[in-house]
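Chain lettering (A, B and C) follows the sequence in which the chains are written, and residue indices restart at 1 in each chain.
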Amino acid sequence: MTEAVTIEARHAVKAFGQGEHVVRALDDVSIQIRKGEFFTLLGPSGCGKTTLLRLIAGFEMPTSGTILLDGADITDLPPNRRPVNTVFQSYALFPHLTVAENIGFGLTMQGRPKAEVKARVAEMLALVKLEAMAGRKVSQLSGGQQQRVALARALAPQPKVLLLDEPLSALDLKLRKEMQVELKRLQTETGITFIFVTHDQEEALTMSDRIGVMSAGKLQQVGSPRDIYTRPVNRFVASFIGETNFLPATVVSGGVRLSTGDVVAVETAAQGAVTLAVRPEQVRIVAAEESGAIVATVRMLVYFGTDTHCHLALADGTEVVARVQSPASGEAGIEEGSTVGIRFASGAAQVLED
Amino acid sequence: MAERRFEIARIPGFATIAVATFVMLYLPIAALVTFSFNEGNSVAVWSGFSLHWYEKAWANQAVKDATVRSLTIAVCAALISTTVATLAAMGTTRRAKFRGETFIYVAINQPLMVPEIVTAVALMILFGMVKQATGYQGLGYLILAHSAFCIPFAYLPIRARLEGMDLSLETAAGDLYATPWQTFRHVTLPLLGPGILAGAMLAFVISLDDVIITEFVKSGGQDTLPTYMLGQLRRTMTPEVNAISTALLGLTVVLLTAFFLLTRKRD
Amino acid sequence: MSSAAEERLRRQSARNGWLLSMPALALLAVAAIGPLAIIVIYSFLTPGQYGNVVWEFSWDGWVSILFTRDIFDGTLGLADAHLTIFWRSVKLSILTTLVAFGLGFPTAWFIATRPAQQRAMWLFLITIPFWTNLLIRTFAIMEVIRAEGVLNTALMWSGIIERPLAIIYTDVAVLIGMAYVYLPLMVLPLFAAIDRFDMRLLEAGYDLYASRWQVLRRVILPIVKPGIVAGSILVFVPSLGAYVTPRVLGGGKNMMIGNFIELQFLAGRNWPLGAALSVTLLVIVTAALLVYVRAANRGSNPHG
């Protein structure tokens, strides 16, 4: 792939604290973010995703490593000299300024002519559909409106990259869904590279072109939402995004042998003890007698509306969860206590080396 | 809604003592104010309403001079102390803790801790030497002394305001291409404004009220209103002092009310 | 571990902190903290004949705090007059603290248990006298208690007494005056402590069979103790160093340390003694304030 790289971090390390209390918030992270993509940094709180964002914005300096923008080293450049803008988690709107003044702030600071600022502000207000609010103080706006002002303010100076630090976390569920669509629209319309930080896997999966999953200051995996979901590279990624069955296994010729002795056919280059990861929806329930099926006992059925979760126990007691579509009416053909067979959808089982 | 319930926080007698305390707190002040409007020259027996004593005080050249002097000193002291206190507050908040920060904090609050009489005596000795060496006898000494002891009063509200201010606002300004100076000018200062004004008003009130340090530092003929009133005590009390007190009291209450409104406005 | 750039930023931030604080520190050094050094030096010099000092080292300033030299045989004896003044200062300061607590605790409790929207108003009523000129408040109380003042006039008019009560220019007058002017300093920290007090603890106390008095003694007072210590010291410290109130209400005779210090610099013409007394007062006050800082720190985590 030869797409142009906008932002690049090379071996970025950020340590906080001194002496014995040093915490490596960012531990040797290298990443390339392409021009015009919607890139999401996903991970639990404290994984280093916000730190990486602050390094890109220039609010923090890396302990070691470099940050590049369009190939130029910007590691030591202060934030006010980087063509990169941020939408803050708390919005950080200036309470003493009006909506229009907030949006025009960046352009004014750059010393652009008044007429240009005015035109650009009007354009931005239209983009986020807040034309009627131009003269209001930000404290008079609702949470969703403040969010839009924050977006417009950060977009107004036409940055090369827009950084969004969990911008939707303060909104309620309904508004969050709306803003997800809105953000995607803005990104497509402006063509600006978005780097979006979130701990919400669903948000990441639905909005992103690519996702970088982070944990403990390290980048675990980078890929498209589909890649990340179907081909997680390790146990952390598999468990953080969606639900997964982890089955202990040993590599044998032609596949892996589970602790029950059953052999599952998968391709792997790994050796010895591994973990087999299978998503619950990829576990098929078949007749116990079917050849090649793994025998299991139904322990418990949990009804979820469209789906039903079957908690199963393999012969040696290993637990497996299967998600099956709830039947149109009444009971499923499966009952608690009954013996069934399970199979994994072809290509759905992943071998993880621990 | 006359609900019968067990009043959990009630302690018998406390409300009575509290109300009595408020009465005792305000009764003397009320008496002082009331008798400043007394017709006769008693400060205990009412003989009719009159503004006589205010007129008398106003006609008194010594009172006029003292008023002008008090206001001059208070304005200068408020301006100087607020300026240096604002800088110090910016230096000691919202940055990584640095060596000596605690020292600076203690030093700035030192005038609150040392008994005024001790500072007064110390300044009398020091400024006495300077007066002898330079021959300068002007108001400068009083302005200098007042500016110094007003610093903590200006510093504390400004610092409180700064600490309550969202640091991400300045980060946002930097992100939006503002230089550090632009950030200060367009974001920090406008948001800090009410704090600075509050600090300046407190400093003004404190300077206006000072007795002890002024008494020891002033050169001959440099009475301020409080030292003038203290001097009047040697003679018989007349409602004239009440009138001056009431005027000063009124000014203080107005400024304090403004101060509270300013500091409360913030959400 | 940190990079050179981080280290540079940290240094720069610390340097800016110092630079910005410098004007304030300079002003304080010249007109508040610096002069205190002079006091220490003066306490070790020889008194001049007409006030001021002679620049010769001497312990006399410190010795004469407690002792007086007999004019005839030059032997040292205890200076009774000085001891009387010290004793009066300490006694009046302690009594002032007790009176202020007796009135201030119920008042603070009363304010803290008002509905939220009234609380600010009651607090404001306490704060107004706090910021009002000390001299004016002293005048106000003087007009109430003096011989032909409001109190005596009212009592005589109602026939309770025939001759005016002689309160003014006594220790009692000074006590009343100091309790009056320093009361807000007791109420404010007490209020802060009570305001943090979790009223559900009272429910727990009553639930476990405590009477109102037992709840006060065994639950409330121990928990708000840091506030009590803070308020007491905030009243005790200025009382000990009081100058205006004893001067106005005590007449010339009922001096406290503050007035005694003034006397040494004006009429008494013993500057080294005055300086030594000032240093002593400063040390006592600083020690009391250190106790206060510790209490205040404990107060910020009330159940720790």
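We adopt the following convention: a contact is a pair of C-beta atoms (placed from the backbone, for glycine too) under 8 Å apart; a residue touches a chain by one contact, two chains touch by 3 or more.
Fair warning: this is a prediction, and the values are worked out from it, not measured in the lab.
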| field | Touching both chain A and chain B (chains) | value | C
| request: Specify the chain with the shortest distance from its C-alpha centroid to the centroid of every protein C-alpha atom present. | output: B
| request: Please give the pair of chains with the highest number of C-beta contact pairs. | output: B-C
| From the C-alpha centre of chain A to that of chain B, how far is it in Å? | 56
| query | From the C-alpha centre of chain A to that of chain C, how far is it in Å? | reply | 60
| task | Quick one: report the Å distance separating chain B from chain C, using the average Cα coordinate of each chain. | result | 18
| task | Among the residues of chain B, pick out those that touch two or more other chains and give their numbers. | result | none
| request: Please give the residue numbers of chain B that touch chain C in the complex, ascending. | output: 6, 8-15, 17-22, 24-29, 31-32, 35, 42-45, 80-81, 83-85, 87-88, 90-92, 95-96, 98-101, 104, 107-108, 110-111, 113-119, 121-126, 144-145, 147-149, 151, 155, 202, 205, 208-209, 211-212, 226, 229-230, 233, 237, 241-242, 245, 248-249, 252-253, 256, 260, 264
| field | chain A - residues contacting chain B, complex | value | 57-59, 78-81, 84-86, 88, 90, 92-96, 105-106, 109-110, 153-154, 157
| query | Contact residues on chain C for chain A in the complex? | reply | 1-3, 5-6, 9
| remark: As the complex stands, chain A meets chain C at residues 15, 18, 22, 61-64, 75-76
| If you look only at chain C, which of its residues touch chain B in the complex? | 10, 13-14, 16-21, 23-25, 27-28, 30-36, 38-39, 42, 102-104, 106-107, 109-111, 113, 120, 124-129, 131-137, 139-144, 146, 148-150, 152-153, 180, 183, 199, 202-203, 206, 212, 216, 237-238, 240-241, 243-244, 247-248, 258, 261-262, 265, 271, 274-275, 278, 281-282, 285-286, 289
